[in-house]
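Pasting in a structure now, in structure tokens, and then I'll have a few things to ask.
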Amino acid sequence: MGKTSRIAAAGLAAAIVALAGASADAKQKVKVGFIGPLTGGVSVNGIGGRNSADLAVRLRNADPKSKYEYEMVVLDSECKPNVAVQVATKMAADKEIIAGATHYCSVAAIAAVDTYHKFGFPVIVWGAVLPDITYRNKYPEIHRVNGTMINQNDANAALISSLGYKTVAVIHDTTDYGKGHNEYFSKALAKIGKAKIVGTFGVTADQQDFTAELTKIKALNPDVIYFGGLTPIGVRIRSQMDKLGVKAVLDGTSGIVSDAFIQGLGPLAEGTLAFREGAPVEKLPGGKFFMENYNKQKYDGAPEAYGPFAFAAMDMIIDTIEKVGPDRKKVIAALANVKDRDSIVGKITFDDHGQNTVPVITKYVVQDGKFVEWADSEYASGKRKLPGQK
Amino acid sequence: MNPLLQARGLMRRFGGVVALDGLDLDVAANEILGLIGPNGSGKTTFFNVVTGIYGADAGTVTFGGADITRAPSRAVYKAGIARTFQRSRLSLPLSIFDNIMIGNHQHLNQGLWFNLMRRKAFKREFEENYAAARALVEVFEPAMADRLFEPVAGLPMIDRRRIEICRALISAPKLLLLDEPSAGMTHEETAELMDDILLVRERNKNLTIIIVEHEMGVIERITDRCVVLNFGRKIADGPYREVAADPQVQEAYLGVA
Amino acid sequence: MDLGLFAQYTMNGLMLGMMYALVAVGFTLFFGVLDVIKFSHGDVLTVGSFTALATFVGLSALGLHSNWLALLAMLVVATLAMAFLGMLIARYLVMPLRSAPPLNTLLITLMLGTVLRECVRLFYPQGANPKPFPALLPRASVDIGEFNLRLDNVLMLSAGVLVIVGLQYLLNRTKLGLAIRAVAQDEETARTMGINFTGIVLITFALGSGLAAFAGVMNGLYYNEINFGIGLYLGVIGFAAAIIGGLGSIYGAILGGFLFAGLQTVGTVLLPFASAYKDVFAFAVVIAIMAWRPTGLIREKISERV
Amino acid sequence: MTDSNSKMPAGMAPGLIALGLATAYLVALLGAEKQAVIISLLVLGIGAVVGAAWLGLFDRVSRSFADHEDALGGSAIVAALALAAYFHEDHFVLLLVVTVLLTSVATLGLNVQFGYAGVLNFAGASFFGVGAYTSAVLNAYTSVPHLIVLPIGGVIAALIGSMLLLPVLRTRGHYAAVVTIAFALLFKTFLEVNDVLGGPQGMQVKGMNILGWSFNDNIEAGGITISFYMGYFLLSLALLIAAFVLVRRLERSWIGLNLDALRLDETAASCFGLDITRWKITAFLIGNFLIGIAGALFGMVGGFVGPNNYTFADSLILVSILLLGGIGNPWGLVVATFIVVVVPEKLQTIQEYRFLLYALMVIGVLLFRPEGLLPRPVRRYFPRWRP
């Protein structure tokens, strides 16, 4: 070893010591997790959720008053149960990760809940709506900031009935999400008893052509086509309805509340109904704050419908860690007592299953290329009319 | 004496083309029969019908008195007929030994339990077969006998022909069908190969051979008798010199039909 | 069944069948000249329809508003671009693998399909979302009972028929077609006849890929929506259609395409309790057909030389 | 092809050194958390492999493996155990390793079908799924001992596979491919629309329980916590060893020869007495049996089965492992399975670009090393036997 290189080595060593000293002064690092579908057909929603959760972390890290420095570990569930179990295991098994905001896809969430329970890993679900995720078991680790599809379908059935529609055809995808929607919507509609279902059609989630189903539906001539499924096939169904001259109102679920739905259809989206849990973000003071900051970060893609929930979930996780420290057991204990907590999606109260009980449902109708709250729309005021609206 | 192989009224069509047109043919035990004729006269089709690759549209084939007209290939082989192919059909990625063993199928124990679990007994059978294959290969090319576990892919055409013939001979068949063994080889190589075949036959007098060949020198030298085919029919039958002098045969070869 | 309804189902089935057939014809062409399955075919279709969409967006930005001109430009750009892509694939992925087992070609093109699909998803602006595809054909329609006869569907079907007839003409009546058929028959003979083998293979791949682009544009015009996943499904069905029809036969591919569409439509109509079973039904019939006719409905002319 | 003619057996050292290096590398890769470290390790690994191939070191290693397979196989088992011991607390790493082991078993099954008999199977994941669903149903509704459930899973996979026998036997080449592709698509759609097996929601699978020892509990021993995956790891390792030995013996027997013969030339094979149908059926059933057993155990490991686990795309991954590893070489399969399962998992930061990179990687291998990473050597019935 030459003299110069020795000097260099010594300098390097000194630099390392200095760096180590510097980092000792910095805040303690705490890891939190995020899981969502980052690849596949619904990846827009997953990426929107990831960006929103990331925003919560960034805002906190920028805050000099925070006790810890947060690092978000992001994993991709691919909207597949096996992958969900695998990544859930990976996250829960990493003891440095304290808690996670997890899952947009119900099939992924329901597969992973046992894993979270097994490892004692606290999670807050940010988008999946299947009731079973919180209600099948009573796992203290599992919480959910968004509502379930039950509330959504009650509101949906009520609106349809009040608009005077009598006949409904149901199309649902054959995943748990679509089947669940079909089940709860049918129950809700029957309970009100004003409209009846004239036909039910299951379709696979990767189907491209719906003309055969829609031709059958056309012969049934329903007032409304209820659609339980996600954006990609929602777009296909709406545009093929037009092709076949099916005049019924398309009545969707939370799965189509996304900018992608409107972009995919253009003017054809007009008059589509949809429902989503929680108060409309843009109406809450926190919502404006959220959108402003989100836009500042220049993420690729919009937060999409459940971005605010992902933000709220992550924000609640960080709040809790700030309060009780980076300890899973303490975080679980703290999350058991969430009542009337303010958030950008409204007040949050967890019931004994960890489910947010605030049953606010936002009703939407697409008007002029935007999801507009039903009550504010020209359809509600009578200025415009949906096909067959009484 | 009853013929070993007997064909009666054998017919085979491909679409509109008649490849075999009521062929009658007798092959006596222990003879070497040359099967000649112009291209497309039905020689290879005859082999394929005998070995069950193609079915016959009409007529019968009997072997040692038993009807094998409708028998599948593997039953024909079990009855004691082995063959080579016009285009070499060895399994190139496999070793010389493997290729030869494919020909010995009926003498190998094919039981699942024997092959998987009784490895000691299997090893004994393997060693016996190795010795047999080696002895056979030594007749043809002593140098190759030391390289039985090399892949066939790298070998020259003459060695491949030798292996093909060993594959057909290893099961000690009663009847050997040779389909143009000289194809792709030089005169010298062909002569050498024929000597080796005659050598094998010296040791096994029970072997009957039918050979399809274009090299008339080969036919002349090794056959006891010749049958000439044209348009799927027999047009001449007898020792080579007689047949070669037949004006009908000459006409067929010159194509003045 | 109501006659109008029947007509409607038939129309739906015909449109679907036309798209399957166009994809299947591509598979058959490639198989004809090289004995390979190019599984990226479906995803070439996707790229083709996105190219057409991008052309439209570009033209609209330039202020062009004539539907016919836009459509023409889209077809030309997409077809040429995909023809070029097809040649690239043939030259750099398929030809180098000629001496390898056929499965390698199948797998490499499958993986290429994944690459194309993922590239559309990741690099086309907002490529993960479904995209609206402009309705450029006249939208006039007549209602005949339950049957909604649309002018654009009729135009598309006619265009599809024209393309297939044109292809037939090209293959059977022109020198190029003769060369392609010669190569498909026997490579060595074709070479000795002085045909430029590589050139013909490249042209055939260009032709097949151009067809895929055409089918992609048609798919867009029909559904008015495209997404990065359309090719995967169409590719698998097109492949199955080419196979049940009998690889190497253009008629087989067309027959297979319409047959598969028919099966799906019949599956939906006849299985009232669960139309979701229609794919199960269609694929089960495919398996049964393979058991019945192992080399497809229109048999390949194989004369095995022994 | 390796030079098998050399009378001198190769030394054991190259094999042992390679094994040691591979194990050390795996420990480093599996344990690495930082993406920069993982990427450097991957680059290092690719560089080392390319360099070794360039220097001709691979040949020596494979010769060494060919001549000392038993001893080196034993060492590989020891290395696997050492790896597991090192990661005894790390649930996720163990789960990954278990996934590799069981996927290897499944690809060994595919290898018997396609690598030896030439029977294409593009529905490997479906038969894996049949095994997994079998354990889900049997564990939930019956009290069949869980160890017995595994072979039942294999038998059911073989039985359901035998529904395809007629078309599979009658078709060849691409025509045969479409039969299994159609089955793979049909299978997934069927599971999705059929409620009896949980529909798209899938089913929970009860964990393995042998004589009261539940595999799903962590093991606490003398202050050390051992991950509950350790039990699964040991069982999977045992399964892989058994499958490996079985496939090896099959290859090195007359049956292996039969399968090769019928794959390479059916007509010639039948002219030498081979019963094509019998051996194709044998290979197809043995293959599906292995895939089914692996699936049954994997169902219990994951604790969950759903139609989305067993799609056509998953079947393709299994087939691509076969090609990557080198068709017909069991060692190559295990190596390729490690690459295909572990690398995308470790590259989580590149999230949405993973599939793209994976596909590009497979294309690269097919273009530049079409015979796979470890090509199959010429058959030697008894590796150390010399005439």
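The letters A, B, C and D name the chains in turn, as written, and every chain counts its residues from 1.
Please note the rule applied: contacts are C-beta pairs under 8 Å (C-beta built on N, C-alpha and C of every residue); 3 or more make two chains touch, one makes a residue touch a chain.
This one's a predicted model, so the numbers in the text were calculated from it and none came from an experiment.
Any chain that touches chain A and also touches chain D is listed here: C. The chain with its CA mean position farthest from that of chain B is A. Centroids of chain A and chain C (each the mean of its C-alpha atoms) stand 37 Å apart.
Work out the mean CA point of chain B and of chain C, and you get 48 Å between them.
Chain A and chain B have centres, each the mean of its CA atoms, that are 73 Å apart.
Residue positions of chain C touching 2 or more other chains: 274, 276, 279, 306.
Among all residues of chain A, those that touch two or more other chains are 43, 47, 174, 202, 204.
Shared contact sites, meaning residues of chain B that touch two or more other chains, fall at 53, 85, 89. Contact residues of chain D toward chain C in the complex are 114, 120, 164, 166-167, 170-175, 177-179, 181-183, 185-186, 189-190, 192-193, 267, 312, 316, 319-320, 323, 327, 352-353, 355-356, 358-360, 362-363, 366-367, 370-371. Residues of chain C touching chain A in their complex: 2, 5, 8-9, 12, 15-16, 121, 126, 128-132, 141, 143, 146, 148, 150, 222-225, 227, 229-230, 232-234, 264-265, 268-269, 274-276, 278-279.
Of all the residues in chain A, the ones that touch chain D in their complex are 38-39, 43, 47, 74-76, 79-82, 85-86, 89-90, 92-94, 107, 110-111, 114-115, 118-119, 174-176, 179, 202, 204-205. Residue ranges on chain A touching chain C, taken from their complex, read 41, 43-44, 47, 174, 201-204, 206, 208-209, 211-213, 215-216, 218-219, 231-232, 235-236, 239-240, 242-245, 259-260, 263-266, 268, 301. Of all residues in chain C, only 31, 37, 93, 96-97, 100-104, 106-108, 110-112, 114-115, 118-119, 122, 236, 239-240, 243-244, 247, 274, 276-277, 279-280, 283-284, 286-288, 290-291, 294-296, 304, 306 touch chain D in the complex they form.
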